[in-house]
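Chain naming follows the written order as A, B and C, and within any one chain the residues start at number 1.
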């Protein structure tokens, strides 16, 4: 299938600069794109790449010009690109399972809505409810009394333990475990006694969770992942954590028990948050940071331990200059000794 | 089901302050608890929360008083709370599988003790032995000649590779892999040749292992997790590691090959230990620390690289004040120049 | 089965020192080995252990001597040890599945080469191709149009999503997910819109991937793991990452999107690399380092943020001495005040 530059411009409501009859049959990155492919320039700082691209058509921010190239100017090239990709993909092969595979083991007490698909060898336990339009791939486990809202997409080999609740349009990638027991013990005479973890997990609408993530069930109450939040691969969310709406939690980050994130928080990759703290709305934690205290709304922190990014960068600059400072101290000492002799 | 404050006091051998006839039918955190719920105050520093709790009954440390509230004074409120929870849960729904599911694939040479439960689609290979009372959920893999002691609890989609040994009452959460090959290569002419990993893994009695953990089999000999040790989610234990008894290894920590932990060691979250070192009994490693040398018994270390916590905190405090020190150095330099002019 | 010291020397083309008729029936570490076992001394710095070993025969580097012990001198004792282990293991029990298990679900449109083994409950989707000699254990998922080259070894519960390509002799350990969606969103009015991840993953010949690893599919194009590269457990490889040939990526490391590694790169454990940077051939990144900029070929970096190892160690040494420097500054200040009074 093909689409012309003029049709793309119409689709994304953009301003066409160049040849409207160029035909596009694929899409690629700005470096790799070929003449029959669409690409986009997401960030004006990469503008030099535009000169060299072989792409047939490039979606660019409004202010960009590049004579000889066919451009479509839009407000958000990345977003428009996605729009075109989705349009071109609407007839792409769909690999999702359909219907209920005969090897799936579905308890008689489980309730499945209309148009639910369940892949091979998936197990759905008693009391589970899977709403209309959900797709559960092969090899998943849906525990007792776990509920999935409409149109969830669950990739192969996901484990949803008992009494977990998913909102609508939740996406969970392979190998992820939701509702494992929290890490809770009482130490008596040097031995660790298990505290029953009888709470559960609530995942709200439009959350996406990456591969091999672990989200523990609450000790009592609920661990909560707020609406629209996106969680990357290999993230650890401990018991009783509450994450607000539209947050981003990047790969390999970990949040200890009972910590609470506001809305629109960003945790970069490999961050660690201690338990029982609060991270305000819109706060940003830099990669690999270790956060041991609450963070105010809008604050940006960085480092181990994490400090406001301005302080962290300044301290780091000082550390890189320690050698010079030490030289100066030695020099001053010598000069003082000289002065003292006089 | 319900239990009165007086009956709870009797159950936990505590001192009742207030109304013994208050009826409890649930339990919750001190902030969320309602008037028909039991809660507890684990740490005296949170005593102010006691004033505001709506809980019908609160378990508190011996010294605590709060007029108008029904309290039960005990030595260890957290432990007593667990005791009551267990009592109230004794009739709770039990979601464990029972019997052998017809879709489980159990080799004819595998031996299962009495009262063993095996969930749907679980595979148990030849030579495996599963002792009395074990519960293995759906979708697990138990390799050749792997042995499970009595009353183990294995959650969905756990992989126990061949020749792994589990003691009694071991709990393993979903997605965890025990007995994968150690990361061992010999580099010859720039290419990495695999060293066969023909050892195994021994997990002793009463160990609990979280979700998506990886524990590699030894190159030869055994990787060992000692009795009563508890391992949190997403932890990496490399080949030939030996962990002592009653240790706590918190989420996303990693221990490199052949390192040896004593008993009662605590590794906080996201710590990393290099290979071939020894961590003494009762040592504590702070969160995100990087340990590159052996640690004495009882020592507390912190930081990257890790130093005794006193030194690490002092150095960190100095780093936060570097700006002032640099100012002072500049000031001293100026004053010396003044003195030298004279 | 047994092998004599003389036969071992012949097998590894080594120089026998001592009794050629000693019989070996097992192998072990230098500390644990018994008199009927073979061991090796990999690193001359552990030479003192040689005095105490009970091993019947020890493979040692060429220069080593130890009167009274039976030694075989070789160029690379570790490699020679592996050679002997492989020789002794050639008749060891082989736990791999054989043939196609009747519970495997193989789409009619999937193509399997000769001598392919597929374990119980494994699912192979339409359009998948599994070449000659591949062994896929129980509980795996092979997505639509995913291709496996000859003689791959896939352990239980691996997920290969659709359109992934594996070269020949690729080994993948349990719980690993290849081809999950990259973490890509466009934020519009504070909500994160998913960018379709329609690229794929290419794993070249002789790659080995540990347990519970995640490798995301490219946004478009391909995420690539180069020939002979070895990846340890719990590693995260983001979308569009390209890793060169014969690299080592140690446990719990993470590489952000579109970063490119050359050949023979080593990432020690728990390292983090930001996106869109390049790591030159043969570069080495120390454990737990955070790399935020490109690294030249052959460079060794360390720390958070990562600097050339010489600078990082020097700065760290300064940090450990900050207390003394601060004392010196105070002392100098006092002395200057004295001088100023005069």
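Assume contacts are C-beta pairs under 8 Å (C-beta built on N, C-alpha and C of every residue); 3 or more make two chains touch, one makes a residue touch a chain.
Given the structure is predicted, the values throughout are model-derived calculations rather than measurements.
Visitor: For the two copies chain B and chain A, is the contact made of the same residues on each side, with over half of the numbers shared, or of different residues?
Guide: Different residues, largely: of all residue numbers at this interface, under half are found in both copies.
Visitor: After a C-alpha superposition of chain B on chain C, what does the rotation angle come to, in degrees rounded to the nearest 5?
Guide: To bring chain B onto chain C, one rotates by 120 degrees.
Visitor: Any idea how many Å lie between the Cα centroids of chain A and chain B?
Guide: Their C-alpha centroids are separated by 26 Å.
Visitor: Residue numbers in chain C touching 2 or more other chains?
Guide: 103, 121, 139, 157, 175, 212, 234, 252, 270, 304, 319, 325, 329, 332, 336, 339
Visitor: Along chain A, where are the residues that touch chain B in the complex?
Guide: Listed in rising order, the residues are 103, 105, 121, 123, 125, 139, 141, 143-144, 157, 159, 161-162, 175-177, 180-181, 183, 185-186, 188, 190-196, 198, 212-214, 216, 219-221, 234, 236, 238, 240, 252, 254, 256, 270, 272, 274, 290, 292, 304-305, 307, 311, 314-315, 318-319, 325, 328-329, 332, 335-336, 339.
Visitor: Mind listing the chain B positions that touch chain A in their complex?
Guide: 27-29, 32, 76, 78-79, 82, 85-86, 89, 92-93, 95, 101, 103, 119-121, 137-139, 155-157, 171, 173-175, 208, 210-212, 228, 230, 232-234, 246, 248, 250-252, 264, 269-270, 287-288, 304, 316, 319-320, 322-323, 325-326, 329, 332-333, 336, 339-340
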